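Shared between the two complexes below is subunit A, which has subunit B as its partner in the first and subunit C in the second.
Moving on to the complex of A and B:
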């Protein structure tokens, strides 16, 4: 036992010196997260503001003015009056406006006529981006309703027997997408940082043969891996803490959970990510393939399959099962809950278990592959 | 000159193709990613779990609940009796929303007073929350309009152009054509010079009769080729498997992809020139790739970005290619609009490739 402890201490000292001497480890741990967090945090926003729509109004001027005002009053819309439909259509095709609202001449007469008549307006949407298209439809329909209510009030004829829908948005009352995207970005950044720390650096050791040299020393393989993990673990945790601080200060995301739960999740996740990096570098043997594998297994899966942007519940069933293999999903779920809701254990516990399993799998696979390489 | 460049290109491509591991890494992952990501990238909301908190015993509230349950957006999963129960379901994400109908809902409706309903939404995922609000508002408004016989109501008829059924795969696949091919081109280019430098073969390259510009062309072409091959694979998957339309000119898309590939390769070669080792080059790729993809509008619209970030995105070739690819797949984008996107890409390619060449020339001098 004392032999193990002594060897471990020596190995840790060696790794620490190596990290301090090599600028890439520091760059990966501190520069990469800052750049990624800042750019992605500001760049990924689903909050539409001032979506431009062309408005073609054939109705009389008074109505037209009222409608334009109602549309401009919406923070989500910016109206651009268009002379006729062909002009508006050209703007839509070229991507200068997102939609065209057409209001016909008989809009108001039909609206005011008694009986079952109703006013009609038409909206053409550039649906190349279906999400924005859906949001736009909602906003335009909201603006029309607002106009209608104002109109009715002016004419002292409130529609009778209506239903008023009051919406309360929990956890994120201002509906800022940043509040759920930034915790997700942290998960993405940590996946990349953690995996890269070990993947790139250890791949170089394999390529240069220093790994074999170390394995020939009295140190056991498990000790070697433990020492490497321990050092990069400290570095990774520091980097994680920095990312959290940035999220709360720069992006103004509330943090409602406990630091203990956060620490546990971060630690488990880091062991997984570092383990994955070790696994990749051992498997690949050379830096070119290792870096490509690290690139492919971290960035895009962490962005697309983790629930950071796209709701996993909306994916096809088979793909939902696949996402269980992307451990970023557990971290995203935990972080979104800790930041916005608090320590909700029914959400946290299964995800922590998932992270634990992923960490064990990554370390286990690495040990297995390393042993096979040496035979 | 042509012969020398061709020889270098052949050598580079052979280097990529010879090693089975490298070959696999260049072809298989893009294909796997297309299928995973095309199905993953959806902002759709279907069958969101809805809990009902109904304090009203009338037929009218039951009818409204029935309408929610029958709509494609919601499915009713539970009935709750108290705000505490509602809160617990929302907390644990068991329910995405809770519909609350107060005691006098039916009575109000029957008496022609304005009835109140309340929707509590889990807004952690703000986009989903917005969608759910929109669907709920439509259901409620339709019901109210039917009860009042439609008087004094406005109907909005929406037509969705270019993607009438709002398929999210139609949106994401042209994006994947750009992103996946870009990453591969960038990666190949970034590691090429750095590897030569690390292995010491860069000096050997410099003492050959090849001039710096020839070295650059020779190093750039393989990256463009890899990018084009991957773009073709993804396009084939999009057209054959996902049945996307292609309404523009395929030749125009091909030409633009070459221009775009040159830009991606240019960025890669600049990184490669700045790096002394493969590891540093790789680190550079990681630092630039994610921002280039995020800022391009691939996942979230550019219009939503803060002004400063939007300005930054103008240096991003992916941004321009995305407009072209989406436009040519879905809507036969006018050539003038394509060209307006083409010149910034050409400028990016020119600057980056020129910069890399100058660096190599300096290494010779």
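Moving on to the complex of A and C:
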């Protein structure tokens, strides 16, 4: 066996035993992703569920009651009948409801009339939070359209008048924000676990003085790094696989791409994250500073600049350029494509190239700084 | 003799701090070269430079013909390096650690098994191969580190303070292992560099590089340090009661270079060419010539030369201003410990320890790391609840009456708890406030401390920049601001140079004479000599109790006519 092979074998054995014996690596690789996924996957849902609205029906009739039931049937809305507008207004002011739907006296008669006439209803919304207000508007008009279509089918005739706008929501027909967010959270989780794994573990070697002993041994820096990367790569991939399984089973996110493309993206991204961790631990050399740096350099860009929460296209131009420096951006784009759309290579390839460049940069930087040894 | 290491014009800086200034030396094969000096002298920096872990700011390190700044990798297969901190994996077993190092040196299976087996039997680790390294005792850890460093049969073995904190028996075993391996490897041109702050270890080396504040003071065989002192070292019997004041008086005598209390005798080193003084004049009896020790040689090199007439002996540098007496309260012993027990789970850290310390006495708890000293200490300070027995300080149980009792205690930690960014005066003010001194008392106490501890000149310097000795003096001054009756010291002078140590203990002696009770914990045999009485602790139990002279007398035998405290420790701790 050649010297390098024997040294690598020894180092890989050592890392493996340490991973198996030291609970912190297992905790970071498997518990941290579960906690982050559950907290963010459920907590970061952008959908409002069961938003309460007061419904004032000025002319109670069978059709109007059907409308009330239709609103209540929407998972996003909860209808609360109110006797009159002032009572509903009081409820809105007190914050008990988010909006008021007023169904006019002549709603049903006008609806039934042929020609250009339409049923009229008024919606007052608490717009303190504009986003929720917009959502509520959407949900209410959606519920009304659904009811209208049902009504029409029942009466075997099409609703008349106006232009019919046919809207179809592609990729995420249920408009569930979870399906959009969970891939983003996976990207965030992988950045953090990948970086923390190596940052903490190598910083501990510096703290305990074992790195000093390794550096004075015949092992080359490249061998030390290769052995660490290999072992933590396997651990990181397992962690990634577990996060994917959670996404598909617990969060019910569809997966439409191929495992091969996913594996390639995950592998490139892990090499970047592990490399960044090695780089951080070489600079910090103590576990506390290393963990702080790992959080700062991974969590922030992954949340703010990856497009996971905030649409990159909506950012100012200069900030859009900055996002190219956050490798999480490429991973988020790839994961969202693979989960919701499929293997769309024109989207995947440039992003994979971005990840590859980030991985090379992280490893290159690490080799550059560690060559300087103790000083 | 072939040169293993050549150091030329070697300088190293960390930022603005000069760690090494112009070291020029050659380290030869076939011998143990001692790298000797107090803490912060530059020993670790020099070893790391030799190991190629640091690049020198200026100058050259050549190991076996390789320039370590550029070609360290070429030399590494021939170097065995044992860092100061246990550089092994605590979550790997003894056998796994050895296997890892064998792999790193790409050692063929054929010779691996035989070599590991031999080193295991040599170090006495054979029964513990399956034990995790983290669960070994301090001495065993060091032996494992040594075994890993020796595994590849290195030409150059670099050992960074292998014996710090290790029990004296293991310390001797480490030395025996190293010398035996050297004897075996001598034919292949092996050499050892052994860094240490223990001056008795220096005396056993074949050659000594003496470092002090980054400078190479000497590069010579230890005998060279002793030769000029032949006939200048005497032992004088002194009465037990007044021995410290006699020592102080002797130190001021123009003929005396160094006066050191050791048990019931006074060790005198005379200045060059001085006639031996009349013992009666110094307050003692029977002057007896003794062989010089390495420490005498170090003191002689550090001390101001006799040519300067106004310079008193180092021990006399302490102004003889008596300490302000503390407000002594209550009756009976200052510290009373009876059947004290402390368990952590199934492990008994302190096992039925009983002792008492009289007022104005200097009492030392002596033992290796992990013997139970710190645990006892914490219980005395009221920081830890005993599992059994009783610990009373100044007549009180600190656990029951903490605040009032703690006001009577001063504490100086091993790593002095000073604020690096604050100046001397600011540090003192901070501690005065912490102890609740009112404004006028604060000003008085601070002025007194600056004066009594000779800190006025550095009153406004940030304590970060102070040399180790001054930091220590400041820490002591801070611990005494509130005039405690009892002073706790945790390894106060381990690793400091002998002059600083003498200065410190002279002050402590003055304090004790003014009625302050001193409790010292240490693993450092030299510190024990300054105590009135010591208790030897090992594995949680108090093994022996007595004055240094009594303990030495207990192990005196025809084979060992003049035992050291370390001999006493090894015999009594077993």
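Just so it is clear, the second predicted complex is superposed on the first by the 261 of 375 C-alpha atoms of A that agree within 3 Å, B and C clash if a C-alpha of one lies under 4 Å from a C-alpha of the other, contacts with A are read in each partner's own complex, and residues count from 1 in each chain.
Definition applied: a residue touches a chain if its C-beta (ideal position, glycine included) is under 8 Å from a C-beta of that chain, and two chains touch if they have at least 3 such contacts.
Computed from a predicted structure; not experimentally measured.
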| item | value |
| --- | --- |
| Greater residue coverage of subunit A in the superposed arrangement, subunit B or subunit C | B |
| First, second, both or neither for A:218, with subunit B first and subunit C second | second |
| Contacts of A:367 with subunit B and subunit C, given as first, second, both or neither | neither |
| Touched partner set for A:305, first subunit B, second subunit C, both or neither | first |
| Subunit B versus subunit C as contact partner of A:204, first or second or both or neither | first |
| Touching partner for A:234 - first (subunit B), second (subunit C), both, neither | neither |
| Partner chain in contact with A:289 - subunit B first, subunit C second, else both or neither | first |
| Those residues of subunit A which subunit B touches in one complex and subunit C touches in the other | none |
| Partner subunit A, residues of subunit C touching it in the complex | 48, 51-55, 73, 76-77, 79, 81-92, 96, 99-107, 148, 158 |
| Residues of subunit A that touch subunit B when the two form their complex | 24, 27-28, 31-32, 35-36, 39-40, 42-51, 92-95, 111, 114-135, 137-138, 140-142, 144-145, 148, 152, 157-173, 175-177, 179-180, 188, 192, 196, 200-201, 204, 284, 287-289, 291-296, 299-301, 303-305, 309-311, 313-316, 319, 322-323, 336-337, 340-341, 344, 346-347 |
| Subunit A partner contacts - residues on subunit B that touch it in the complex | 19, 21-22, 25, 29, 33, 36-37, 39-46, 48, 64, 90-93, 109, 112-131, 133-134, 136-138, 140-141, 143-145, 147-164, 166-168, 170-171, 183, 187, 191, 195, 277-280, 282-283, 285-287, 289-291, 293-295, 299-301, 303-306, 308-309, 312-313, 323, 326-327, 330-331, 333-334, 336-337 |
| List of subunit A residues in touch with subunit C within their complex | 1-3, 6-7, 9-11, 13-14, 17-18, 21-22, 208-210, 212-220, 372-375 |
